[in-house]
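Just below sit the structures, each encoded as structure tokens.
Below, chain A partners chain B and then partners chain C, in two separate complexes.
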Partner chain A sequence: MSDLPLIQADRAVPPPAATTTTRGRGRRLRLLSGTDRVVITLMVLVPLLLVVGLVWLPAGATVLLSGTNWDGIGPLGEIDWVGLKNYDDVVNIYPPFVPAVQNNLLWLAALFVVATPFGMFLAVLLDKEIRGSRFYQTALYLPVVLSLALIGFVWQLIYSRDQGLLNALLGTQTDWYGDPNVNIWAVLLAAGWRHVGYIMLLYLAGLKGVDPSLREAAAVDGSSEASTFFRVVFPVMRPINIIVLVVTVIESLRAFDLVWVINKGRNGLELISALVTQNVVGEASRIGFGSALATIMLVVSLVFITLYLFTVMREDRR
Partner chain B sequence: MSSATLTRAADTAPPPARRRPLRPARVVLHVFLAAVAVGWLFPILWAVLTSLRSYEYTATHGYVSLGGWTLDNYLTAWRTAEFGKHFLNSVYITVPAVLLTLFLASCVAFVIARFSWKFNIALLGLFTAANLLPQQALLIPLFRMFTEIPLPAWMSDSELLYDSYWGLILVNVAFQCGFCVFVLSNYMKALPHELYEAAMVDGASVWRQYWQVTMPLCRPALAALATLEVTWIYNEFFWATVLMRTGDKFPVTSSLNNLRGEFFTDNNLVSAGSVLVAIPTLVIFFLLQKQFVRGLTLGASKG
Partner chain C sequence: MSRPRTEAEYLARLVPPSVAGLNRRSLLAGAAGTGALLGTGLLAGCGSDSDSGADSKTVSIGSNASDPTPKDVLAKLAAGFQTKSGVTANINTVDHNTFQENINNYLQGKPDDVFTWFAGYRMRFFAAKGLAGDVSDVWGKLSGFSDAFKKASTGDDGKQYFVPASYYPWAVFYRKSVWQQRGYQVPKTLDDFTTLGTQMKKDGLNPIAFADKDGWPAMGTFDILNLRINGYQFHVDLMAGKEAWTSDKVKKVFDTWAGLLPLHQPDALGRTWQEAAQSLQQKKSGMYLLGLFVAQQFNENEQDDIDFFTFPEIDSTIGAKALDAPIDGYMMARKPKSEANAKKLLEYIGGVDAANIMVKGDPGTLVANTGGDTSGYTALKKKAAELVGSATEIAQFLDRDTRPDFASTVMIPALQQFIKDPKDIGGLLTSIENQKKSIFTS
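What follows is the complex of A and B.
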């Protein structure tokens, strides 16, 4: 599912021969033969049709459908436009909406305020070329290769009311996944467990790209390790920081698998993504209404995707 | 590219003077990291441990105990949950999807990296952003579309794109293409342009420049991407959950949810099932960890 950029994460080192290649490339295009032109067109067109057809068109259609009262059954011609009524209903007469927004924000806050700084902190420690670094890195990264659905199951062994480790150790009878007062926190711990390793990897790559002479200069000036990090290293990693920010926002917005395997996003675990799904594949197929929820997700994510694209593309041209 | 990487690596290599006696700060650091690492591994180890014990034993002695070792949970889980079939379903979806993603993405990346025309940036943005959209935001039209598109019976017994492997493969490819285009185009941009000049002098067509000049040079990036994509598509849960109806056709990650009902009261079985599902990704991770690391260092030197 939803893992985001890993490999291209760091742009701190500029590409060697970027300027000459750009100039060279521009000249060649006119010299191409007919077959070559056809080949180039196909090479772009086939993947483009797939991505436009299966990603961008549906995204646009979602926005359009959010203005209708379509029930998903009748022909498209019978659709009635209802304007912003669906949005009005979502906000005002749909009880799970407010808890879902709160949970999504809580998810973001937990990943951003706790998991992300912790992952960064671990990356800084592991960047020091200490012995056993490989082992520590592997241990921390391991949860990232597991699916979030699976993580829901693995943590069930700890959280289960009757057979879980946590209750056995604490002598409590809490249903960690079932009790609507605590289950979001239990789930966030599991989600954070995975997120920390991911962030650590992104920052490890980022730290390797920081020019060592910067740190040496700071050390010569008598700067402490902490202040070197916050005043020199951290600002230099600006592109990585923005990528991590976007990754975190998008992960919190897209969060789905974990709550869906637990209880389909009900009873304390409401998330916008789960509400959309419930409205489409669940008992009640309310297309227009579900589309309004989906459009909200789409708009929020597009803001951050744009920020991301600007960051990576600017680094690209440098 | 390689010379830059080499010099940087040499710069950061620890100087011999680092062999100093263990300072207290180092001890604290190691204790802290070891504690975190053990804490991080614990949930996985706990699952393995639980899966190896009999339900009867843990029911009477509690889970915080030792004993009741058995492999029966694995046999039961394998049989009741029909893991063999579900693993095979995952293979049917993952292998074609990864190959197709890498092929299509490398085509686009090649054109973006090799030729400059005014849509380059827009194209790159279009692909990259597609990978970042929330899947649920596309669900409604896609769901409807898949139930409208017919397939011949030999391709799908539902005779629709909905509830067929083809549909899942396509949607995974469409979604993952963006990420691979982005990584590969960056990688290809760093290849020396002289290569193409030489190829042009030899009269190589665009296709040959792609297939015989560029692709072999991209092997490290392709290997790293293949590793990541196999993991991600194998782990994919959402699309299979909503675009599949027949339980028998679910890939293993999404079939987990069905197992939950069957294993409801038996955590030892749940853990055995979880371990079974995790094994392929763990094997890939441990065998190909270098690919992950190489992927990262490739990114760090941009290219």
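What follows is the complex of A and C.
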């Protein structure tokens, strides 16, 4: 569910471009042959059907189901309509909801303020072609490649209270995964560990693409390393910066796997996506209730997506 | 949520369904009705080709026995059945966790004729929804099951929907050598139990090993305290949503538990049951309330050193004869392709021949049919079988005795909240009751 609106984000960009093209080339369009028209129609129709069928319909169904108490059993015709009861329950009598919202925001903040800048910083360092940069690059990117189950297991070995590496090294008895005041930070560290590698690689690719003559020119003009980066390289990399920004927001909204692997998103590790899964997937099958949570998440995602689209489109118009 | 039996199974359940082959969106889509196809495609599709014809010489089994040992046992059962009846049993094995998570879609699609499942509310729920077949006439031909097993196989309408295969009791486990060395005695009452725990603490042990990272082990503690304080019938009614969680009876359970918590191993919420069991194995903990599967965490040469006692009496009018002993077994689909063969298979599985195959093949479980030749049991297993045999009532464990949505979305967080902060019992019980009302009335 969590990645559902993100596809909308991707899809939502082309339409304005398309409308301006048709408006501008209205007359020339008629010059197209019959085959061309069929091809163009198909090219529009097929993706449209896919998007509607795989994104909009399920999303709409989720919103509709959030007003029911369906348990996933029996024909659709027997579903009872309960109105806003699920939302009422989510807010008023469902204890994990508030921590989940807080944790989601914390996740966004941590990735945005700490992990992403750190990933950028590492990319800049590696871009300096220091000795062994290949090795560092691989080491830092490794967590992105590892499977989630493995990541969960690796960190369990580190964080385990009785048998973990961390407590053995520090001589402490901190309950890294069990103490709800500590575990979210422990998990954020693990999530950041993965996120940093991802951002680093994206950013490194961007840095490699910066025209070297720009730096040379800056150097000739007597610009320092730092001011070259902030005044020349950073602005030039605007497309990459936007991608990094979007990836960060996406990653924090769909944060799910790590907490699920650790303790299924309970006891201090609540996330809305984990709550949706707890309720909808599996035997619990509170489809209606889970859909209400999913709808709330959709709304939260839409806020970010709207902000993003608004910024991007306004800048494109300039 | 079943207890993981082996490390491999434990690892397998670490893999979220999104990684294990189903992504979240397709599950959601499945939930929305469009994905019934997907669920059944995954679960039932694999083996249905072979018996798609009206051939009456085959029967299919949907199995969650994805671990090597139980898988092997089921294969032997199928072979034995074929020899005996001439009917081929095709087994469709699905990863244990995936099987459980897709059970709704699976049963509404085209399930196998016979499938593995659990006794208790989980069975009654699907029976009441009309998703399981009545096997009362099979029960007419079965022998060797105690009344407690029959009761656990009976749906709300008084008919049987389940054939038990194996089970494992919950009890308090300890190491004989540690107890002999320190001169500990098996406690008979709650006071004895507390005194013993205090002594263990003085001796530098964790009196009671404890873990609840996965959410379910603490349910066992709640169950046994509730059974000892309020009795079996109250447990059943409470789990069925008929009793109020805010009542003094439930409050007494939590109060008693709060009194025992200082004797439990601290920081349970970050620990897995395996880690807690290892603290018992390493002689750092004095005892551990868990299912018989705790023995897996002990080495071969330590198996004789494990012993157990049933949780002591708290109220003399209630006694100490009820216990948790979850039963695994088989059910029949509502419309099997061949009902006659499915029933034949269930009769075979519930019979003595099958029991003997299970005793020999799987050292990890107890066999439900008392007619089986149990001479191969270890001393521990013999004692466990006796314990269950002498039990007056057998509960199935909290998450098998109540609605799955209530157990997993309300009780797990609530019990973890209690372990975290045992002081606000009143507020916790009000929260549980509010959520219970909303879930049970929907």
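Basically, the second predicted complex is superposed on the first by the 220 of 318 C-alpha atoms of A that agree within 3 Å, B and C clash if a C-alpha of one lies under 4 Å from a C-alpha of the other, contacts with A are read in each partner's own complex, and residues count from 1 in each chain.
Quick note on the criterion: a contact is a pair of C-beta atoms (placed from the backbone, for glycine too) under 8 Å apart; a residue touches a chain by one contact, two chains touch by 3 or more.
Bear in mind that the values here come from a model prediction, so they are computed numbers and not experimental data.
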Partner chain in contact with A:Ser160 - chain B first, chain C second, else both or neither: both
Touching partner for A:Tyr203 - first (chain B), second (chain C), both, neither: neither
First (chain B), second (chain C), both or neither touched by A:Trp107: neither
Touched partner set for A:Gln173, first chain B, second chain C, both or neither: second
Chain B versus chain C, judged by how many residues of chain A each one touches: B
Touching partner for A:Asn263 - first (chain B), second (chain C), both, neither: second
Touching partner for A:Asn183 - first (chain B), second (chain C), both, neither: second
Touched partner set for A:Phe229, first chain B, second chain C, both or neither: neither
Contacts of A:Pro95 with chain B and chain C, given as first, second, both or neither: second
Partner chain in contact with A:Ser301 - chain B first, chain C second, else both or neither: first
Footprint overlap on chain A, where chain B in one structure and chain C in the other make contact: 1-4, 58, 61-62, 65, 72, 147-149, 153, 160, 163, 256-257, 260-261, 277, 280-281, 287, 290, 294
For the chain A and chain C complex, residues of the former touching the latter: 1-4, 58, 61-62, 65, 69, 71-74, 76, 80, 82, 85, 89, 93-96, 147-149, 152-153, 159-163, 173, 175-180, 183, 256-257, 260-261, 263-264, 266-267, 277-290, 294
Chain B partner contacts - residues on chain A that touch it in the complex: 1-18, 20-22, 24-26, 28-29, 32-33, 35-36, 39-40, 43-44, 46-48, 50-59, 61-62, 65, 72, 122, 125-126, 128-132, 135-136, 138-143, 145-150, 153-158, 160, 163-165, 168-169, 193, 196-197, 201, 204-205, 208-209, 212, 246, 250, 253-254, 256-257, 260-261, 272-273, 276-277, 280-281, 287, 290-291, 294-295, 297-298, 301-302, 305-306, 308-309, 312-313, 316
Contacting residues of chain B [partner chain A, same complex]: 1, 4, 8, 11-12, 14, 18, 26, 29-30, 32-34, 36-38, 40-41, 43-44, 46-47, 50, 58, 62-64, 104-105, 107-108, 110-111, 114-117, 121, 123-145, 170-171, 173-175, 177-179, 181-183, 186, 189-190, 192-193, 196-197, 200, 205-207, 210, 221, 224-225, 228, 231-232, 234-238, 241-242, 253-254, 256-257, 260, 267, 270-271, 273-274, 277-278, 281-282, 284-285, 289, 292, 295-303
Chain A contact footprint on chain C (complex, rising order): 11, 14-19, 24-25, 27-29, 31-34, 100-101, 103-105, 108, 122, 129, 131, 213-215, 266-271, 275, 278-279, 404-405, 408-409, 412-414, 416-417, 420, 431, 434-435, 438-439, 442
